[in-house]
Amino acid sequence: MSTQHDVRHYPGAGLVTWAFFLWLYAPIAVVIWFSFNENRLVSVWSGFSTKWYAAALENDALLGALRTSLTVAVTATVVATLVALSAAMVLTRHADLKFRRLSETVVNLPLLLPEIVIAVASLILFSQIGFTNGLARLIVAHSAFCTPFAFLPIRARLAGMSADYEEAAQDLYAAPFTAFRRVTFPLILPGVFAGAMLAFVISMDDFITSNMLNTGGTTTLPVYIFSLIKKGTTPELNAISTLLILASLIIATLALAISARAMRRG
Amino acid sequence: GGTLNLYTWSDSISPDLIKKFEEKTGITVNVDGFNSNEDALTKLQAGSSGYDVVTPSQHFVKIMIEQGLLEDIDAKDMPAFAQVDDKWKNQWWDPTSEYSIPLAYGTAGFTVNRDLYKGPVDSWSVFFTPGAELKGKIADLAAPDEVVGAAELFLGVPFCSEDKAEMKKVYDLLKAQKPDVAAYSSDNIENRIGSGEVAAHFWWDGNSLKTRRDGANIEYAMPKEGLVGWLDSFVVPKGAANVEAAKAFIDFMSEEENATVQYNYYAHSSPVKIDLAKADYTPENAPELFPTVPVTFSQACSPAAQDLVTKVWTDLLK
Amino acid sequence: MTRGKAVEVFNVTKRFGDYLALDQVSFTIHENEFFTLLGPSGCGKTTLLRMIAGFETPSEGAISLFGTEIATLPPHKRHVNTVFQSYALFPHMTLEQNIAFGLENLGWDKARRQARVAEMLEMVHMTPFARRRPAQLSGGQRQRIALARALAPEPKVLLLDEPLSALDLKLRQAMRDELRELQRMTGITFIFVTHDQDEALDMSDRICVLGKGQIQQIGTPSEIYEEPENRFVADFIGETNFLEAEVIAVEGATARVRTAFGFEITTFQKGLTGPGRATLSLRPEKIGMEDQAAGNLLTGTVSAKNYMGGYTHYTVDTPAGVLRVSRRNAVSQAQSYEIGREVRLGFRDDSARVLAQ
Amino acid sequence: MTRGKAVEVFNVTKRFGDYLALDQVSFTIHENEFFTLLGPSGCGKTTLLRMIAGFETPSEGAISLFGTEIATLPPHKRHVNTVFQSYALFPHMTLEQNIAFGLENLGWDKARRQARVAEMLEMVHMTPFARRRPAQLSGGQRQRIALARALAPEPKVLLLDEPLSALDLKLRQAMRDELRELQRMTGITFIFVTHDQDEALDMSDRICVLGKGQIQQIGTPSEIYEEPENRFVADFIGETNFLEAEVIAVEGATARVRTAFGFEITTFQKGLTGPGRATLSLRPEKIGMEDQAAGNLLTGTVSAKNYMGGYTHYTVDTPAGVLRVSRRNAVSQAQSYEIGREVRLGFRDDSARVLAQ
Amino acid sequence: MRGFRFWGLVPAWGLMVATLMVPLVIVALVSVAERGAYGGFAWAFTLEPYKEILFSEDWDGNLVFDPKYLAIIGRTLALAAATTAICMALALPVAYVIATRTPRMKAALIYLVTLPFWVSMIVRVYAWLIILGNDGVVGRAWAALGGEGTLLFTSGAMLVGMVYSYIPLMVLPVFAAIEKLDPALLEAGADLYASRWTTARRVILPLTWPGLAAGAILVFVPALGTVLEPMLLGGGKQMMMGTLIQSQFGGARNWPFGAAVALVLMAMVVLVLIANARRAMRKEARA
């Protein structure tokens, strides 16, 4: 149809959208571009080189930080997803629950508070009670602020899933846990997966809290990258960033593809 | 086996030495960097820092000792102690040498980019009361520590003054400079001054030397009012998990051969014995390390004086 | 009525907070009966069904299944299955797996399960689709699978909550016959919920009309339509004309009444005890027009005419008030009475029904 | 038919990509007419309406409004308003504001606007609700406001896309009368889209039956029902029995045919040119049973019986095949023919209709 | 099942109480404690830290009103508000365009909007550091156009970084709101003689408002507490509340004051949330 008559068409909006996407991806492209810069000074182009990738892949500190980040993120993701799943089950399936709104707010609390406040609060608490294990400190804090990110998609999926399925399962002689295992869980799996992915990424990405709680030997990836920026940037940082971007894109694409597939099936 | 967590000035320990130490002992070494003594102190104060070795400057060593933040490692009985130049033994910050072994010493001053600034660099006035050429192209460190000291040298105010009127002059000077300051940052200085993003930067002798030798057209100033002196030492935080490894590392770093490698890498002066034959720097190729003006070491201030320093800085930055 | 009692509901009341959804409901459903709960939206049909299935607990009263009280039994322990309005087929399972689900939970062994699944698929003519998933089926096919799944565990009672309402008109009509046939074949008691009177009249052995949380009438389709016990039922089921009348005498199941326009009629009544005011209910198709007029005669003027294909609906202004009369178009060029024309109407005494006001 | 032409559609074709949604459609709608587009889902009714409103452009062909070609006019410049299927009331505006919206865009001054809004609210009996928002209304009330909003700017033609389909049965029937009344009162041309044949028969001056993107028949309700021009129309509108027949002779609008079961019938035909095979369409209500049997007589056995309240549907096995017969329950204890019983059936020649196969 | 009602929520409550609520109480306590000269704090009760937000002791020892921290609070509010406003202005057309594509295209574009969000925040901020720097693409263009000074270390740089960081949080809810919008409403607008822009103003915008409001909360709250942008793009010169708090626990070593500022920040966030909740409740009451 000629757009002239299409009441849904707004001239100019398309252009803004193009510009928007350009702006969204330009910085990422720049980071990637300069990762191939041979020059030590990042933004002074002097030739193509992949030497910074070699350097990055040999950088023990980087690999150590990556290991720390992965350990923290995986553990926190598991904890946050379980906590969120259990809370979401209760909150979506019992409309008459006492303190329902309050409980929901509590689960979402980390979203409502500026992270810096939480970070400071955890720092004070941990130092007061002498909670010393660096990795454990990070895991506890990350589990807490990842929980709402895991919670939201799970709850959305549960809320979008008719309670009829659970009732049908029970009607067909499934005891409550069997009904959960064989019907509810498989059906909300995409939500659980999306929630877990989100939690994982949020944890991997966290800077403020990790920087506050960070102790010797438990530097996380963002904190390490920050220290690189502080120290003086070389294209090695771009190379690291590029690798990180690639990893994120792969994870994100996987996550979205899996949940899209589940959506189509559901 | 085991791990050793270092918290040192950013990019200060030679990676080759770390590798060598790891190979020799089987200990895994993690290195985190800080860019101000304040940061190091804060980390230790927050408790359970997780670090085994930290390298604060002299006045902060004193504060840390007083605050009970350091492990008594019987430094004077360590092999490393024997390597220390006598003039750095039993100093005021660690009178009985129980806690610390020196790592490096040097000065804090300022560096100019000679592509952008052609004028003289013989006085702090160039930096604190910049002319048109430097306006808006100056960068200070992010923490008050040595910056306030330099301002005091320029104004003739004694370090750790408890006199409010004197400290107000310091404040007024820095306040007046602020409009011309592009950044207060201790991070990424090398790029900022090297690439000419700013034309003058508060900085340290060795760092400036190293960047100049990497090809940047910069010059470390020798202001007639003097430079701020510092000496960073290895210390072990209280409750460190791996004190033995920490001491082994300190001893290792102080061995003459290693100290020489470290000297060449770090480009700051060494307080421990080095093999001069293998040392890279001489007064000819490294004037930065051989100041021609007086050097005054930072002091550990009384709480009252420290409050004033803090006040200068917070008033300045808010 | 010598059949055993399948479901007994005794004085069941259900409150949601302050809201009284069901008020002292009692009835008995027999074995092998096609029993329908019919009523307007919100009258409590689903609530009643859910209490029998075990998804809700009565606030008061008792429910028994083949003589055993079940109010406290969780749903997975009741030998009752449900066909959900939305079907609630498990989307992640194939049709086979859907049908086998209940059997697995009951602990049937594999061979028996497979045989039963095959039998069920056969029964609903869906054998070729065994490996499909519900998303790949049409509405009517889903409906059949929902039935097969619910019937597979050989329940004693099958509950159906508006199972046809998601289908389109033509399919809905076709499924009516299939459902009825299935019930006859299996001999299982069906409790069927609907708000569609046509569906209820067409399929049921007995209908329970619910209104405002209470039972309005229980009876066979023709009892419900021809002998409504109150205004609610007469009005809800089919179309009717209500006329004012005065009761002259009540004699058991009949009453003699005088209508506002002068006739005296003796006919069946319900709920009257003695003289007073009453309402006469008179169905449009029971009023004869012109050549078909017989019994009590009236004259009126056609004020509206709605041609509906199979029949024509006339609105006639008479001394008795405005009457709706429906006339079958039994021949192609059926006589048609134009608006404004004077027509004779007539109805037999026993076509009217006296109801308490 | 001396009225002016309101809307003319000339050879309009609409393609969506490769899909041919409408194929060479032409018709004329007169001023003050209640014109209905009737057809099964997907036949292109909405598409046609949207082209008249201006939301779609024809791929080929022309549309004119009171003689002016409008194909290139954007929707907000056509003096045509629409009642949307979902009503599309602006949820953030009060009813008043909804109704005033069009008037504001036309630049009416405030006093005139207020007067018109008040008049419209009055017309649809919604004056007390002026300050409410759409969410606070029932379905029927929303329907009325959608009408008021569309009528307020005094359009020359009102388009209605299945405006009743979201309502429940009883309300839907009540709204039919209101709509028809409104059309008579305002004298505006209504183009009404529906897939419900009862609605179309009940309300329209003329009906256009659409099927497979083409016009199947245009005519008055009784023309459409009694004189279908083809199988599609006969099947889609109402229920019917199709019987095989052989054409003996065609004489203009009538034909003589022989049925498979031996009768020879002369009746109206459509689309036949000479001898050959044909189909006889015979409506269930046009077959008499026992005492009502007349004309061509047949004997059969009742194989199913569906009591539907106002009438009973019988399925009768006869030599002519399975016939559906509907019988009005004109008296309370109407004769009822049990399953298995032998019955006599009869129909008049002119009750049947011969169609091309 | 009944037991699960209780036990199912225990982990969530436990985690949040232990890691958020208890620590917040401690923050509150620290905010009225006394600072140590070299950092840390000593348990005591003093309102000194709060007084410090508004007053300072001048160099003569007098307590005077000092708007410096208020200025930081003001700048924080202003930048967070500007970030939110820019995000709204940008998200509306973009979300609209996305919402009106075919389902496949829609999914693809939404994927593209969310994708950068998966890339580490610090990398994204770093990217702007490169771009805006004197040698960066934009930095050079700026200089070539005769622009004064450097673009980095300005409020503008922070704003660009913040908008960039938070824009997906605005686009998504606005998209959801627009997608929910019945297209028939737009047609109804046109049918009732409204031009496109009248329809946009009178129909689309009001009905997208809930999405904009949700997005505003999602952007404004983290923007208030932002740390990375002021540190990296603001050059540490443009303090914001986040960096002020951080510096009090770092270089400035004034924990009680940091705790007090943190509580003020939290109070601001809570106020915004309450205002939003009330707005939503009024809406609900009206509907």
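Worth pointing out:
Every chain is named by a letter (A, B, C, D and E) in the order it is written, and numbering of its residues begins at 1.
Heads up, the rule we're going with is that a residue touches a chain if its C-beta (ideal position, glycine included) is under 8 Å from a C-beta of that chain, and two chains touch if they have at least 3 such contacts.
Because the structure is predicted, anything quoted here is derived from the model rather than measured.
Chain pair with the most C-beta contact pairs: A-E.
In terms of Cα centroid distance from the overall Cα mean, chain A ranks first. Each chain gets a centre from the mean of its Cα atoms; for subunit B and subunit E, those two points are 36 Å apart. Subunit C and subunit E have CA centres that are 58 Å apart.
Subunit A and subunit D have centres, each the mean of its CA atoms, that are 56 Å apart.
Touching two or more other chains at once are residues 133, 135, 187, 189-190, 249 of subunit E.
In subunit B, the residues that reach two or more other chains under the touch definition are 46, 195.
Residues of subunit D touching subunit E in their complex: 53-55, 74-77, 80-82, 84-86, 88-92, 101-102, 105-106, 133, 135-136, 149-150, 153. Listing the residues of subunit A that touch subunit B in their complex gives 40-44, 61, 64, 123, 126-127, 130-132, 134, 214-219, 227, 229-233.
On the subunit C side of its complex with subunit D, the touching residues are 41, 168, 196-198, 201-202, 221-222, 225-226, 237-239, 283-286, 288, 292, 306-311, 326, 328-333, 348, 350-351, 353.
Contact residues of subunit A toward subunit E in the complex are 7-10, 12-14, 16-17, 20-21, 23-28, 30-31, 34, 41-44, 79, 82-84, 86-87, 89-91, 94, 97, 103, 106-107, 109-118, 120-125, 128, 140-141, 143-144, 147, 176, 201, 204-205, 207-208, 212, 221-222, 225-226, 229, 233, 237-238, 241, 244-245, 248-249, 251-253, 256, 260.
Residue ranges on subunit A touching subunit C, taken from their complex, read 162, 164-165, 167-176, 178-179, 182-183, 186-187, 265-266.
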